[in-house]
């Protein structure tokens, strides 16, 4: 795994990190490799702090971290034979969704994108011969100048074989009117195929991005769920969207597991052309920035909606934190789009909440059977002979 | 009507009740039959309060109330000849939407569902011969274990002729991080036809559920409006969605009436496959848990959006409380989806706001007529001869 | 331009005004013509303040201002040859969107609508010969009686050649339970073609409406962006949605410009039949009434989501205020629907943020070129020879 560098000098307590790519992540462990760089050093990118810069958003004096990101072609989708592209911290670990990025307000990040997608593949995805070949990085929520917009009209894309450094700034909230940039966001290509990157993000060039605020509660585990076209979750559907090995589950975008009581964070993203809803059985959350709510103003807190199903359109992203199995216990909790024909076609997966011992729970009881003589209703007591549980 | 029991010992002031099924409800009266059960008794379901239970969510020591609920087949839809199913507190009063459930945070409810839908009907709705026959109860927002999930994979459905008791817990908000479950929710089948209950809820197996918080303002009247496929409100459209008898209006899912100044509550539910919007003429509400807002923090209160049109996707539910005719007076106020082809096809009904005397208001003035010589604009004053009102 | 009158006696400090129709607005200047009318006068409409009135919402003692509004036919859409109608403060300045209305809570407005649309045009748009011919004015968010509903069943429409005065009341927030009407709203026809005005608003009979609360921050510039069918923004798409003359840009619904640091307000409206999203590159906002957030309760402020992409359905409207180019600098910032096939088909325009001198910024750097020998990734340092910027 590529080195992820961090400048602790700037923000000693800032736990800025990169959530590991799900594909290469070990069970229940988030591997972060920290390499300290000297306070006197920093990137050559940052020289002046006063004058407005074309490269850096105002407030970013110097990038605090540098990341290498690779755009590569992956094996085609086995179900549809569609081209698949992915971002990765190394070419070998590229995946869709790409690595989940994590920043903290105040932090400035320099990401160098290396376009290793073959020219022939980009040509195949191009919808207009006049459109340039390239991949790019466009981020939601954080601050960037036109040079890091990732669009064709701003010339901020990366031709095949080239590299480009994008600067992201997680502008903090302040008392002078800035609302900050903390939130659940995403990043994606904005160039492959056409000026909106439709072919790039449809092929897999997207990932989750979370910007935390100082003091935010950190989750034990983060999952990205991108709702996309063809009724896919993370570009897979039906069996492929939940291929958890029950005997030896490996957490990842197609195996969402959690231990009872763990704080689980979902970064939910809408991509493509359709509306979807994120519904999770047994769990609910506040309709706030984090899914949680706190504060001393009872009346206002009481006015915040609690929800368990949220509609999202393409481009929308939000996040929720829930305690796995809180009050409801372990189990195989459905996570699906509530648009019925979407869920029926396979836009459905599971959050497997393991028991206290980390073991996969059994399914919920014996298979119910109809009474020998059907058609009659029980008289009063639910504890009748043909009631299957208890 | 089936007995609805309540344990006043646990929460003496808790006005936990069941809003009557609209079909069988008398004008302006909500009939609730309370049967007190001794404090020493309670349900056999609840024994222990410490250990985690597979039947009961944590925090539910013992169900406070028990309800019998029947799933039955109803006459086919007269307009489309579609199969109609309904939940009812008795088989005779089953309806679509089903009876509106009301809970208060802290309350635990045991609902015994009796599947009286004929086997042949369930077979006809089944999309896959391998899928089991049954109906179920899946609720949004409240807490339940896998045994009350209502899904096939958890074996928590009810075969034909059988019964099963579902335990719902309206977990309260507390200072230890629980956000509570107060909200406008719904319940529905998750088994008929396929693993997502698409055929069951499409046939009518759904209803509204409201969980109140201690201190919440109670409405004078509650209406459920479910926006569904084929541009239906409560599975009806056009004339059928508003068949109020103006001379003798009976409130119900197809006749929404209110007296001027009454506090009216709408539970709004999205079902099926399409996006819809809930728009009510002449009335607006805060985008909060209840549609109202209160508190002492002026700046934050001022930041809450006020809306009169809200988009919802399938699975979404929310509620609003409005004062009927507040400021705008009595009248026939349209309630419709603002998706134009939906409203044009009949996804439109009325909130009839009666005057101070409870009488249906007349329509809004004489029919306007064009001036004898059309085409000329009036010169300045609105009180011109061809202005029709005033 | 028609006189816009205001009664300063009622609310001396109230800066109630009408934002100029974009079509006739000069660069960076909002023309408002104020004509004071004596405190003793007022409109004949307002006589009594006690009894409930069929014409005026409760709380509106007397209209504070009067506006003349004309509905006229405009040249057909050059791209599609569709009929275009528009509202205007004069027949000559009618446009789509119509003039942006601005009110302040507490204000009451009398708008006299003159229907100058030719009978033949209205007949052509009619979907049912039994439907009456006419245009109307239906507003979201503010208060009005049935006589100002703009609907056919309330007889509050305007036949060809006739006029009708509509009364709008921006009910204020008060301590007795009123949530107020401050918000970003819109107004539209509800009569042309059918009972929902689908043909009228599809032809262009709509406009933005903002109701401010006392103390609200005022923007330097307001733009209306209506997302509609056929993937249009303000009923135009592709090149037509952004026809800014870079040498001499004239602000309007097809040329959105702003100077660096100006406070820009967008009134975002959904019309028609489809879902859309409002996404603006480089900028974000709080999900509140104004897009801003302030107050002393840190925990609650911290819970408000910050977003840069918002889904809206038909009938929805919201507003955001952003500081143009804040932190990110000048540039050509895309404003588009994130539904990919919508943006690809032309539902995309630009917010052109001019530099400190008011000059159009250049595009973002040289066109990137691929390295001579493609396919190899750079080794470590982003400042490699084939990196195009810096």
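Letters A, B and C mark the chains in the order given here, with residues in each chain numbered from 1 onward.
Note that a residue touches a chain if its C-beta (ideal position, glycine included) is under 8 Å from a C-beta of that chain, and two chains touch if they have at least 3 such contacts.
Small disclaimer: the values here were computed from a predicted structure and weren't measured.
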| item | value |
| --- | --- |
| Interface residue identity across copies chain A, chain C - same or different by half | different |
| Superposition rotation for chain B onto chain C, Cα-based, multiple of 5° | 120 |
| Whole-Å gap between the CA centroids of chain A and chain C | 33 |
| Overlap residues in chain B, where contacts from two or more other chains coincide | 275, 286, 292-293, 297, 300, 304, 311 |
| Chain A-facing residues of chain B, complex | 44-45, 52, 54-55, 57-59, 66, 68, 70, 91, 110, 112, 114, 116, 118-119, 127, 132-134, 138, 140-141, 143-147, 149, 151, 153-165, 169, 171, 173, 177-183, 185, 194-196, 198, 201-202, 213, 270-273, 275, 286, 288-290, 292-297, 300-301, 304, 311-318 |
| Complex contacts: residues of chain C adjacent to chain A | 275-277, 279, 281-282, 284-286, 292-293, 297-300, 302-311, 323, 326-334, 336, 338-344, 348, 361, 363-371, 373-378, 380, 382-384, 386-390 |
